[in-house]
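These notes concern the structure reproduced below.
Chain nomenclature is as follows: A, B and C, assigned in order of appearance, with residue numbering initiated at 1 for each chain independently.
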Amino acid sequence: MAKSAFLKSSIAKKYWMALTGLFLCLFLVGHLAGNLQLLATLWHTTPDDAALHFNQYALFMTTNPAVKILSYVTYISILFHAIDGIILTLQNKKARPINYAMNKPERNTIWASRNMAVLGTVILVFIVSHMVSFWAKMHFDENMPLQTITINAGGAPQEFYVTTDGGYIPKAQVDQGAYKIHDRTSFYDGQANVKIKEGYKDLYKITIEFFKQPTYGLPFTILYVLSMIVLGFHLFHGFGSAFQSLGANNPKYNGLIKNIGKGFSIIVPALFAIIPLYIHFLLK
Amino acid sequence: MASNKNINIHLKIWRQKNAKTKGSIETYKLDNVSTDSSFLEMLDQLNEQLINTQKEPIAFDHDCREGICGACSLYINGQAHGPASQVTTCQLHMRSFKDGDTIYVEPWRSKAFPVIKDLIVDRSSFDRIQQAGGFVSVNTSGNTIDANATPVPKHDADRAFEAAACIGCGACVASCKNGSAMLFVGAKVSQYALLPQGKVEATQRVLNMVRQMDEEGFGNCTNTGACEVECPKGISLENIARMNREYLFASIK
Amino acid sequence: MKLDSKIPEGNISDKWTDYKDHLKLVAPNNRPKLDIIVVGTGLAGASAAASFAEMGYNVKAFCFQDSPRRAHSIAAQGGINAAKNYQNDGDSIYRLFYDTIKGGDYRAREANVHRLAEVSGNIIDQCVAQGVPFARDYGGMLDNRSFGGTQVQRTFYAAGQTGQQLLLGAYSSLSRQIGQGRIQMYNRHEMLDIVKVNGKARGIIARNLVTGELERHSGHAVIIASGGYGNVYFLSTNAMGSNVTAGWKIHKKGAYFANPCFVQIHPTCIPVHGENQSKLTLMSESLRNSGRIWVPKKKEDAEAIRAGKLKATDINEEDRDYFLERRYPAFGNLVPRDVASRAAKERCDAGFGIEANATNEGVYLDFSSEIISKGKQTAYAAGNHNPSDDEVIKLGKAWIEEKYGNLFQMYQQITDENPYEVPMKIYPAVHYTMGGVWVDYNLQSTIPGCFVAGEANFSDHGANRLGASALMQGLADGYFVLPYTVSDYLAGEIATGKIPTDSAEFTEAENAVRSQLEGFLNNKGTKSVDFFHKKLGHIMWNKVGMGRNAQGLTEAIAEIAALKEEFFRDVYVPGTTDELNTELEKAVRVADFIDLGQLMARDALQRNESCGGHFREEYQDAEGETLRDDENFAFVGAWEYQGNDINAEVLHKEELKYEYIKIAARNYK
């Protein structure tokens, strides 16, 4: 058959929605696993260790080639999922030019399934703002801080930059010009202008400050939690729906898929939501 | 029949002179409706009342009045074929309503089902989908092999029958928020996909039927499941999934 | 004109084969030059149209419904007969032939019925090849069940929706041809007249029911497959739109109408419940495989039930009268329809009816014995040799649900009673019309070039049709008879060329239709079409119904003639002709029903005997069974139209000869 039809047909659109959606579900799991490192203070003795733990993870995620490829797939998936969703919604609106004067859709469908476009739009806005807040800072912000750690050196607490080889560079020496920082993260010898070590971008600090800032910390926390609730509803319908779209419907397994979907749509957003709540309310 | 009594109702019914004119909702009052009457008998009664006052009766599609021809439609109080489950409008009885109720009666709403008059819509798009591939290409000579020469597992025969029980009424399209016809098409594709006789041309069938469905202007399926709930014959969503599989395999063949 | 049935000579079992071998053919390159019009898209019409198109003819098909898939064949429930003998219970073509002739009370043609039995097996092969999902057993083979009037299991079925599945099969063949451009399909079109040129059928006038436009369509042959006329009774199991108009219009143009009084009253329908009722609903005859029909033995019990003081389940086993099993021990609940219907009427007339409606007309159809017996069997088969009563009932209900689920659901929807728990209430209702347009062995009417198929013709069922035989006949006519006989006729039309529609004959026919339609709209009447239809129905049911007598029939003839006069004087039809106008459609149909009703009464009056569905109270034996008069009435009564006065119609008789079956009194005891 013609390739174009495979891309354009109503069923093909379903496949793309389903495939990108399921991939994004996988992404969510990965992203969640990473974000949960923000709770590292729960199992690390000092806040600095916790921060390091998280920042090491963040560095891995931004530099590992495999992860990089996955991240591009993710961006494309989000775009495709959104664009396909918009096309579907517009076409579907056209399929019913006149609406019913009296309609009771709640008699035959769940709320989430009827509002995927709205839920999706909210999630898209969230993703954009979320990326502006963190992803863009991590990638492009010239003033992105590097992680430091305070060690009691000779009785007096002293601040050090942590480097990726497990070493430390005293912050004072950098401030005095013995080391220079190029490309935001690289420590160069002050005289020889040779790269010596690599620091960690302190995403942990950025995150904690984001949710703890005096004026906006609470509203941001609330918005994040609300967004996760929206995500939950989106997943509540989307997860099982993806399987149906791909033709996986067998009475033997439908119960299982449905239950996994329910579990996924509650547990994953809930775990995401715990993080800002923990940071804002519990983290000292 | 023990529950028979008479009720008085208000009706809000879509009136539209023909495909070209605009329509609107008109209000009617109808007294002494027996709760044993079917919904269409209630409309007969209203029409009789209209004719007796020299007004134009309401046009609606109906024929067998026993739930099998698929002619009757009607979006009643916000639901295809009304509030009862797994029935057509002709099988809906007035005992589902209470004295004093206001009942909305509207035609199916879909770009692919344009209104012809009042509550009558044009569902020939379904016929065209069927014409695109809803058949087994066998001539009617009767010189085929003996009916029992190819055993069909009972399970498959039963599933095929359940899919084939579709009456083509269009309730799936009418209740789908997207105006999608996937349940109708899925049921037809499934019936043949499940039978050895239909497998031979399964690839072309699903591609052609889906192409025609898209051309008719039906919306896309978003798996809300409204169609399955409102289908008077209880056609399962499994049939849409089966069509999705068939289409996938057909596309990559 | 003398009726020539054109039954070929020769031995009955070779007749059709020999005859087919000598019919004229049309070469494939000539077929596209020939146009065939098919009116009606039920089993007969759809199968015929598909077959013609496959052969290469140009086909135009018409149906008044919004889609050919909605023709009323779709409502047939129980099954389709075929002499396959898959169950190894002694079935054969001869037995199907014999059962059908006997079931028809010896008023059908031997040659036609034998042909029907011969092709019955091909129908099943054909349908399976088309993807019709018949019921199967666990070995993957086709399942069968029993129907009335037979002692073998030869009925193929698809739950209680066999007609639907078969029609959708035929519709799929039709759709395939439409998709390939070989059939032009006209949905929402109603044939309002036939056009004859030089005595031959040359086309039709059809009304586009959406725009109201009158259209002329020409063809070298016209096939009428428009179904039966049960709606003459207003209340029947037919669809609301089922009508006799196509058949009646050709009758008025010269086609004889045969045996109009042969009407089948089906024993198992849901009783009438109120005056606004629009139709009656059939409960498939297949239910009589599993259900037992009874009324109370004591009149006081029946009265108490009607008064709501007792329930069916309160009546003890010994106080129940299983009257079919009592009167007909050999066939029991599976006697033919006419016999079962009359037996139910007899009990209700005697005061044992259990339905609390105006006429107390209703008997029980009880599944409790079957639930227990099938429950035990199912439990045993599952290895449970000692099931509890509850288990038995649960399994039995599940068995019933699988076989008849949709019927039980339908019953509950209508009556609000659960038939798994309480017996169904049933009563006979008008269901099928054996009579119809007279046709010869070729299915050609007395108008050359006009063929009639399916229920619309009079042919194969005599005075009573056996269950599951209508579907068989419709498909046999369409798939396996018409393609041969119509080709034979068309072989003489190769040189005719395209038939123009601007001839005087077409103009005249169109003008006549237009003036009839405008007549209705200009009438300054006061009453709705339904008012007259219901009135006609009352006369027909009371005087030309299950029990008929000379006095009632004479009254009916006069009453209908008066009704006709009143109808044309006082009917009110709103709207205009050039729009979708359902009242106008009904008016045209009811006008024809009124004429037909009068003819039915006349036919019933002339037939001084009882046979099959035609029961003249004057002609019965001591036990109330039908008394045929083979000496004087072994003929097909075919009526010739003589103008507006139906009383002027002339009766022609086609003698029925029985060479292969010994004519005898029907005995189901």
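We adopt the following convention: contacts are C-beta pairs under 8 Å (C-beta built on N, C-alpha and C of every residue); 3 or more make two chains touch, one makes a residue touch a chain.
Owing to the predicted nature of the structure, the values given are computational and were not obtained by experimental measurement.
Chain B has the Cα centre that lies closest to the mean of all protein Cα atoms in view. When the C-beta contacts at A-B and at B-C are tallied, the pair with the greater total is B-C. Between chain A and chain C the centroid-to-centroid distance comes to 69 Å (mean Cα coordinates, whole Å).
Work out the mean CA point of chain A and of chain B, and you get 44 Å between them.
If you average the CA atoms of chain B and of chain C, the two centres end up 26 Å from each other.
Listed in rising order, the residues of chain C touching chain B in the complex are 47, 50-51, 54, 65-70, 72, 74-75, 84, 86, 119, 121-142, 158-159, 161, 163-165, 168, 171-173, 175-176, 178-179, 185, 187, 210, 237, 239-241, 273-274, 276-279, 281-282, 308, 356, 406, 409-410, 413-417, 479-480, 483, 528, 530, 572, 574-575, 579-580, 582-583. On the chain A side of its complex with chain B, the touching residues are 1, 5-6, 8-15, 88, 91-92, 94-105, 107-110, 113-114, 116, 237, 240-241, 244-251. Interface of chain B with chain C (complex): residues 1-4, 17-18, 34, 36-38, 40-42, 44-45, 47-48, 51-52, 54-57, 59, 61-71, 84, 86-87, 91-93, 95, 116-117, 120, 122-124, 126-127, 130-148, 150-154, 157-158, 160-161, 164-165, 167-168, 191-192, 195, 197-198. Those residues of chain B that touch chain A in the complex are listed here as 12, 14, 25, 75, 77-79, 83, 104, 106, 109-112, 175, 177-180, 182, 207, 210-211, 213-214, 217-226, 229-230, 237-238, 240-248, 250-251.
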